[in-house]
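There are two complexes below, and they share chain A, which is joined by chain B in the first and by chain C in the second.
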Partner chain A sequence: MKKVVQMFVAVFLVAFIFVYVTARINSLQGYSGANTLTIYNWGDYVDPDLITAFEEETGLKVIYQTFESNEAMLTKIAHGGTSFDVVVPSDYAINKMREQGLLLPLDHELIPNLEHIDPRFLNLSFDEGNKYSIPYFWGTLGIIYNSEMLGGKELESWEDLWDDSLRNQIILVDSAREVIGIGLDSLGYSLNDTDPDHLREAHDKLKELIPNVKAIVGDELKMLLANEEAAIGVVWSGDAALIIEENPKLNYVIPAEGSNVWFDNIVIPTTATNIEGAHMFINFVLDPENAAINTEYVGYSTPNRAALEYLPEEIVSDERFYPGPEITDQLELYENLGKRMLAYYNELFLEFKMHRK
Partner chain B sequence: MRKSKLANIYLALVFIVLYAPILYLAYYSFNSGGTMYAFEEFTLEWYYEVFQDTRLLVILLNTLTIALLSAAISTIVGVMGALAINNVQRRDFRNALLTLNNVMIVSPDVIIGASFLILFAMLGMRLGFTSVLIAHIAFSVPIVVLMVLPKLQEMSPTLIDAARDLGATKWDVLTRVIIPYISPGILSGFFMALTYSLDDFAVTFFVTGSGFTTLSVEIYSLARRGISLTINALSTLIFLVTLLLVLGYYAISKQAARPMRLEVGE
Partner chain C sequence: MDNRTRNMYLIPYGLWIILFVVVPIVLVGYYSLFDIDGQLSIVNYKRFFSPVYLGMTLRSFWYAFLITVVSLGIAYPCAYWLTKTKHKQLWLLLIVMPSWMNLLLKAYAFIGLLGTYGPVNSFLNVVGVGARQILFTDFSFIFVAVYIFIPFMILPIFGALEELNPSLVDAAYDLGASPWTTFRRVIFPLTISGVQAGCQAVFIPALSLFMITRLIAGNRVITLGTAIEQHFLVTQDWGMGSALAVFLIIAMGLTMWITTGGKRVS
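The block that comes next holds the complex of A and B.
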């Protein structure tokens, strides 16, 4: 008995020492209740130095919590019990959050740096007038390929994926709208097409792509391509930039037929307790110089036009990641097609995945 | 039957399968290249970064605190529960209780986590340290019960009768006969609870909030942007500490094996 009791006393003691040390570290860094700002963002999606600079400038202390999918984030916000002040959802998630009344309107007067955002990326269909959201990073869906492994072959369009010489070379991202979208785009239909005949046609066309598909995977796609497990991947431009950084032999292209454009956006959810601080933070990251620092760290494309001046020329002039208006005009956002239509997309995608080679 | 060579090879193979991933991860934690494949040069940079990153350290401390507290509390609750279940006279009722206990072990973590989230939201509780602690205690208690109960059942009732005959009070019987007898079960229950808490992702994910995170949730959220080798370094350190703890526990229990017995009759 004595031994057991001793052990438990020791365990509790150690636990309380840990609690004390944690509290000590937090207070040393100046965290103390009221002066905090809680940011809920994707893992590693902001330059930590920028947060330090923000803390020094404003005297606020930032608590940084992370999520790995829009769905996870939505669940957390919708159920309450949290006090996130700033969140960074993707475009389609903003639609959902607006529908569920989870967003607070932004006070544009407190965000003078909004003027630096390229007008091309304002006033988009998921949030007209930018009442609730401001773009944080953006990108496209495209093809990444290793022309060395393809014997010098270059790819330019979705149609090129169907080439007979590419047997077992393509890795697709495991996501219904992206893959069905390849079929739609290559047939010249809209990514938001709701005509069942068109969708069926896209599916039938995709069926012929199957001999060329090596795998349909999730986040491990980045590693597989960088390791040269396959020569071609269909990826988002943000991931493509990371892959190319690891393996410069790869090249990224926005397909000629058009493709999807996506945005991650800063919003203030209804769970916010420090609304003034949230506006300060948004204005801070929109400052051209800060946006440039952040862009260099994250490696995605910034929608901040003024920030481009502070970025190295080779980044800004890279048409793959900063395409001009003639290309972005052809790109499409995913509209919210409603539950039934999405279910149909998913069904077709499932059918596609189940086809035998 | 003599131990054949084949048996040894099989054993070695099993251990290789078990430990290769950890060793692989530890190996690349020394890679200056920053990736998990092309090893460039030996570096301690990532270990240095672990200790520089106070956010990561706070998360690590949070994880350990939750694990220790939830394991200790759930062991106390679980031992009491096991005693209670063991004392139930009617057999069908006892089995019903035990089944209810086992349902908690079998039910998927995701469901437990989601139901806790709904419960906490309904109560209007803020998510954070307390919510995570409560959830961890909840899924650890059934495990402790399951570890302690067999020990109680294997204990001969004559031991208790003898103690009562010799004038021991109910309290004496509990503290001097029952608990010393079942203490191996208590210990294994505690360590099981500890490991369950340390590696839990699904339940924790639902109930974290307000800046409070544990290591597993934090690492998972790095998936989109790629996991830095700092995490490798940290995992290697945790693995080494765990190894030391296990070796220490082994040494202590070997040494204490005899005195432990004597204590039964102290």
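The block that comes next holds the complex of A and C.
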């Protein structure tokens, strides 16, 4: 018995010493509450050189942590116990965070560089007046295809995916709203449709697509398409750019019937301890030159109009990744349809996945 | 050692059981009684008896059954052969070693191996069979699942075979039994406990496989595990996810009961 107690005491003692030493090291390196800035972002979603430049300019120490999905990020922030100063959620997640009161309003006076953001990307439905968020990167959902593998065939619309010649050639992304959205868009319905009959119709139409679907996967999709495992993929434009960089034979198209347009946005959550530093960081990344450097590194599309001048012409003029307003006006943002509707979308998606060839 | 000290030693284990076995199961049961809006209801159980979830359950059982049968078919001869080899420990180590590796890594390795341009298809091309789709098929799913689970089938069978008294086998031969009869009437019945343990160790986790249903089967195989994952991570419908988990727990309990022949587990 004595030994057991001794062991417990020893373990606690060691743990305590570790905690103390870590705190001590952090404070020695300048990582203490007041002069640090904790960024919670997607993996590899900011140029590390920019962070270094920001640290040099402001004297703040940046701690960069990453998440893999909006849901994971939401859970972590909602549970508290974290001290994230800057977070980069997607549009629909901002809606949820606002509902749950997890966001602090932005002080626009501290972010003069806001003026560089293209006005067509401001005042969006998920945050009118940009009270809480500023777009960081944006993109679309579309079709990436390898026309060499399809005997020179070109794709233009969602409807093209149903072609009999494309047996077993399509890889879909494993996400309910995206896949059900293909059905809705091809039928001419809104991506935010909540009419159960329309959704059922979309599901029935998607059922016909099954013979053409090779797999429904997650992030592996990039690797599979770059390796020519299949000729067609339904992907987000940011991923498409990365895939094309790897395998230039692939081409990306925004389907003619319309599609989803998405935004990842910078926000300050209520967990922030360094609100002033957070504003400084936001203003820093919105600086046109910095935004251009960041865009070249990340490879997604920037909403910063002034930054376009600092970017190579062939990137900016690429209509696939920088579609003009005549195209983006046709695209839809995902609205927060509520938990119940989202569950219904997922139920239909599950049913879709259950169908056998 | 007096009784009191012995009871003291039980405390850590007791706490462990309560915190990590009893409480989670109770919580799963509790959550399953709430619908997506957080209202107390049995709607989740009603939904379970809809064609979608019943179909999914049937399919989960079917695939878990196939995985178990194939594993057993390979494992039994393998374990038998192991008992006859010289370097038993070395061979056992080689069989167990793959299970030390991270499951995700193994799954990714299989994506590369079984892909259209992977070594397996290159080989098929060379021998003149021609490349074919292997990845994202039922075959690849069962193959990889068997690969993952087979050590858990081999080990208990090997243990049972090792304990088998060889003089019983000799006696059977002396009394004129053919090798097949000896196996059927002597060896197999005496090692049935190992087979049961192995089948449980494979069938039960196979029922709730998820990850590899996406990575290897490309979501062409949907099991209850996949649905639970989706309900917890995407839909945030913890109630439905929990209800499915309750059914899995019941199914697993039944499996244990059936494979032990309805007798109490000794």
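Methods note: the second predicted complex is superposed on the first by the 324 of 357 C-alpha atoms of A that agree within 3 Å, B and C clash if a C-alpha of one lies under 4 Å from a C-alpha of the other, contacts with A are read in each partner's own complex, and residues count from 1 in each chain.
Assume contacts are C-beta pairs under 8 Å (C-beta built on N, C-alpha and C of every residue); 3 or more make two chains touch, one makes a residue touch a chain.
Please read all numbers here as calculations on a predicted model, not as lab measurements.
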Chain B versus chain C as contact partner of A:L331, first or second or both or neither: neither
Partner chain in contact with A:D174 - chain B first, chain C second, else both or neither: second
Contacts of A:E347 with chain B and chain C, given as first, second, both or neither: second
Contacts of A:L104 with chain B and chain C, given as first, second, both or neither: neither
Which superposed partner A:K339 touches (first chain B, second chain C, both, neither): second
Partner, of chain C and chain B, that touches more residues belonging to chain A: B
Chain B versus chain C as contact partner of A:N227, first or second or both or neither: both
Chain B versus chain C as contact partner of A:I315, first or second or both or neither: neither
Partner chain in contact with A:A215 - chain B first, chain C second, else both or neither: second
Overlapping contact positions on chain A, where the chain C interface meets the chain B interface: 1, 4, 69, 223, 227
Chain B partner contacts - residues on chain A that touch it in the complex: 1-4, 7-8, 11-12, 14-15, 18-19, 21-22, 25-26, 29, 36, 38, 42-45, 63-69, 72, 75-76, 79-83, 219, 222-223, 226-227, 242, 246
Of all residues in chain C, those that touch chain A in their complex: 5, 8-9, 12, 36-37, 52, 55-56, 59, 108, 111, 115-117, 133, 135-136, 214-215, 217-220, 222, 226-227, 230-231, 233-237, 240
Residues of chain A touching chain C in the complex: 1, 4, 69, 71, 168, 171, 174-176, 214-218, 220, 223-224, 227-229, 339-340, 342-343, 346-347, 350-351, 353-354, 356-357
Chain A contact footprint on chain B (complex, rising order): 35-37, 54-55, 57-58, 61-62, 64-65, 68-69, 71-72, 75-76, 117-118, 120-121, 124-127, 131, 175-176, 179-180, 183, 186-187, 190, 205-206, 208-211, 213, 218, 220-226, 228, 256, 260, 263
